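This is the structure, below, for whatever I ask next.
Per-chain numbering from 1; labels A, B and C assigned in written order.
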Amino acid sequence: MATFDPQFIWFGLVSGSLIALGALGLTLIFGILDFINIAYGEYMALGAFIAFGLNVEYGLPLVVAALVGVLAMGPIAIALDKVVFQHFRKRSATVLLVVSIGLSFILRNVIRVVWGSGSKRFDVPIEQAPTYFGIQILADQVLIILLSLVVLGGTFLLLQRTDVGIAMRAASDDSELARIRGVDTNRLVLYVWLVGGVIAGLAGVMLGLDGQLRPNMGFLALIPIFAAVILGGIGDPIGAVVGGYAIGLTQELSVIFIPTEYKAIIGLVLLVIGLLTRPDGLFGEATR
Amino acid sequence: MSADPLLAVEDLQKSFGGLTAVDGASFTVEAGTVVGLIGPNGAGKSTTFNLVTGFYEADGGSVRFRGEDVVGLAPEERAQRGMIRTFQITRELTGMRVRQNMHLGGQDHDGEKVVHALAGTAADQEREIASRAEDILKQLELWDLRDEYAGNLSGGQRKLLELGRALMTEPDLLLLDEPMAGVNPSLTDDIIDMIEELKGRGLTFLIVEHDIDMIMDISDTVIGMHQGRVLTSGPPEEVQQNEELLEAYIGGAV
Amino acid sequence: MAYATLLTTVGIIAAIYALLAIGMNMHWGDTGLLNFAHAGFFAVGAYASTIVTTPTTSGLLAERTVGFAFPVVVGLVVAAVLAAVVGVVIALTSVRLQGDYLAMVTLSAAEIIRLIVKNESWLTSGAQGINNIPRPAAGAFPLQVGGFTVGYDLFYLGLMLAIVGASYLVFTRLSSSPFGRVLHAIREDEDVPRALGKRTATFKLKSFGLGAGLAGLAGALWSHYFFAINPTMFLPALTFSIWAAVIIGGAGSYAGAIVGTAFIVGIRQVTRFLPSDIPFGNELPFIRLILIGVALIVVLYFRPQGLLGDRERMAAGQDMGGS
C-alpha cells in the first residue's frame, strides 16, 4: 500500500504503452485471422531474447541488437504461420486457439533451451534518473512512450491511409465480403503477420528494457493484454489502444490499494468487470 | 379461444450498425391458427423470428406471449414458456446421432440433473421420451436413420430432423423458418397434413416460407413484410390481392 | 526392488494425472469448454487439503499461520469442494460468452492462483512450501498379506487405481446420461439447446464445477502422497500437458483421456532416464515440453480425433475436424 504519487501516473504511461502495443498487435491478428493467438506473448519474448543474445552474448550495441530483434519478428511470424497456422486455416477458431497454445509452449521452452531459464538484463549502463515535476524519469521510459506513440500512430496511418491498411480493416469487418471485392487475402495475411510480428518484437524489447527478460515474460504480459483487447472490443484497434493505456494506468495506480505483487490481478479484475458489464467491449464492436 | 392473442408483437425495432432490419413491425398470432409470414428477401422475416424468440435483443417494441411481456427474457426462458423455433439454415448437432438430437427435445427431464443422472432415477422419463421420438421419426420417415450422425444427413433430412426435434418439445407456438426448403416433394404433403393435424390439437404455427402457394394453402392468416415493416395482414385471399406487397415482390430484390 | 518402487511412484503420478484428464475431458470433450486453469484447481485442492490436515509449525522459518489437524478424509472433501467452488466462480464470468473469453479468463486466473500461492505465506508458506503433510493410513504399512509384504507405495497405488476407476465410472455415466446429452449439444452448437429451453449457462457451470472438483481431489491425493508441496508443482506446463493428454488421447472419450495421460507421463518418465551428460541433458525438461507441444499440433493436424477418438463423429461433427 502506498499513498498517491504522480510517479505512478508516469509508470502507468509506460506500462500502458507496452500493453497498448501488445493489444493492438493481438487484436489486428484476430481481426484478419479470426482467432486469438496465445503464442503472441512468446513473439514478444522472442524479440526481446534475440535482441538480448545479440547484445549481451555477441556484444552488439543495444540499438542494433534491438533493431534486429524487432524486425526479425516480422518474418518469424510469417514463417510460423506458414509452418503451423496455415495448415489449420480451414478449422475452427477453437482449434487454432489450442494450436496457438501448443506453439506458445514450444516457443517458451525453445527460449529456455537456447538462452537458459533464468532472468536476464540488457547490457545498458545504469542511468541517473533526473527528476522533473517531482517525477523520476528514465531515458528508457521516455523512449518507450515516444516509440510506442510513433508506432501506434504509424499503424493507424497504415490502417486509414494505405490500400493495404484499408483492405485490412475491410477484411477485419467481413472477410467474405473483402474476398468477393477482390482483396488478396493471402497478401493481407502476410502483412498482418509482418505488422503484428514487428509490433510484438518491439513490445518485447521494450518490456525487457523496462525491467528484466524471463522466458515467461510474454505469457505474463498476456493477462493485461487480454484485458485490454476484450475491454476495447476484440478486433477493434482503437479500443485495444485505449484499453491498453486504461489498464496500464489502473495497474500502476492500484498499488495505492493492493500489494504490488498483485498488479497483474488488476488486469484480470478489470477484464472480469468488463466482461460482466460490457461483453461487447467498450465500443460495442466485439460481435462475432 | 381466449380474447388475448397467443403472440402479440408491437412496434418491433432492430438495427445493425447503420442498417435497419426491422422498423416498427406489429402483428398478432391467434392461438390454434397457422400464420404465414411472407415477404421478399431482406424483408426482415428471419430477424423478426430472432427478435420474437430472443436470439436478438430488440432495440424497441414489445413482444407479448400469452399476455406476458417477454422482451428481456433469454431464448431458453422463452422456449420454456412454450415458444419453440427452428432455424433457416439447419442447426443440426452434427456430432450427435439423430436419436440423440430428438431426445434432446424432451422437456422437464429429471435425467438432466446431475443427481438423477448418477442415480438413474429418471429412466421412466427417458423411456417415454424415446417412445415419442420413435413416433415422430417414423412419421417423418427418419426412423431408419436414427443411429446416423446428424452431420451425415442430406439437407432435406436435416430440415425434417429439425422439425421433429422441435415437435418433441410439445410447444404451444412453433415458429418454423422455411421448413420445406430442400425437402422431398413427396414429403411436403405429409408435413402439411401433420401441421393441420397438430393445429387441430391446439398447436399454433408461425411459418416463414418462400413457397407462396403452400403458404396460401395452409395458412389461416398471412402477414406480408417488406423493408422491416408489416405491409398487410389478413386472410390469404385478401393478402394475395394486396398491391403494395405485389409491388414489393416484383420491384424489390428477389 | 528400487525399480519396483519407482514404477509404483510413476503409476501413482499417472493415476493422479488421469484424474486431471478425466476432469478436463468433461470440460473440453463433453462440453467444449476451454479451461486453462486446471493446474490452478489442482493447486487449490492440494493446498486446501494440506492446510486443513497439517498444523503449523513454530520456528524461525515458519511463515504459515493457518493450519488444522483434521483427518485426511476431511482434507480430501474440502479440497474437492473448494476447487469446485473456485472453478464455478471463475466460470461465472464467462459462461454466457464465447469460448475464447473463458480461455483468456482461465489463463489469467491460473496465473493469479499461482501468485497467491507464492505470496500469501501466512496461508501457504510461499515458495518454501509445506512439509510433513500426513499420509493416510501410513502407520498400517508395511503390511503382511499372506506371505506378501505390501509397502505403502503399493497401497497408495491400489487406492489411486480404485479412485480412478470410480471416477471413470461416474463421469462416463454422467456423459451418457440426459445430462451429458445437453453438454454434448452445448459443445456442438449452444443455440440449439437454448432454443429447446435448456439453461445452458447452468449446465456449463455444473460441468465446470465437476471437472474442477475432481482436479481438487487429485491435488489433495498428490499432496498426501508426496507429503510435501511447493508452488513449482502447479505450473501452467501441467495444464498444458493435461490438455495435450486429452487431445492426443481422444477428445470426448474418457478412455482416451486416460490413455493420453499414460502417453504424456510416459514421455516425461522415459526421458528422465536418459543420462544427463548427453547433449542438452540439462535442458531435458524443456525439450520434453517442446516435444509434447509438437505432438499436440501434429495430432491435431493428422488425427484430430486423437488415438481413441471416434473418427466418424469427428467427420460428421464440427469440433476439431471440420470447419
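FYI, contacts are C-beta pairs under 8 Å (C-beta built on N, C-alpha and C of every residue); 3 or more make two chains touch, one makes a residue touch a chain.
These figures come from a predicted structure and were not determined experimentally.
Q: Drawing the touching chains as a network, do you get a line, a ring, a star, a complete graph or other?
A: line
Q: Just grab the chain with the largest centre-to-centre distance to chain C, centres being mean Cα coordinates.
A: Most remote chain from chain C, centroid-wise, comes out as B.
Q: Chain A to chain B: how many Å between their CA centres?
A: It comes to 46 Å between the two C-alpha centres.
Q: Can you work out the whole-Å distance between the CA centroids of chain A and chain C?
A: So the centroids are 31 Å from each other.
Q: For chain B, which residues are shared contacts with two or more other chains?
A: There are none in chain B.
Q: Listing for chain C: what residues touch at least two other chains?
A: Residue numbers touching two or more other chains: 318-319.
Q: Would you tell me which residues of chain A are touching chain C in their complex?
A: 36, 38, 84, 87-88, 90-95, 97-99, 101-103, 105-106, 108-110, 112-113, 117, 219-220, 222-223, 226-227, 230, 234, 259, 261-262, 264-265, 267-268, 271-272, 275-276, 279, 288
Q: Contact residues on chain C for chain A in the complex?
A: 32, 34, 36, 93-94, 96-101, 103-105, 107-109, 111-112, 115, 119, 236-237, 240, 243-244, 247, 280, 283, 286-287, 289-290, 292-294, 296-297, 300-301, 304, 318-323
Q: Given the complex with chain C, which residues does chain B contribute to the contact?
A: 53, 55, 74-76, 79-80, 84-85, 87, 91, 93-96, 100, 103-107, 109, 111-114, 116-118, 122, 126, 149-152, 165-166, 169
Q: Any idea which chain C residues touch chain B in the complex?
A: So the residues of chain C in touch with chain B come to 170, 173-174, 177-182, 184-185, 187-189, 191-200, 203, 206, 210, 312-319.
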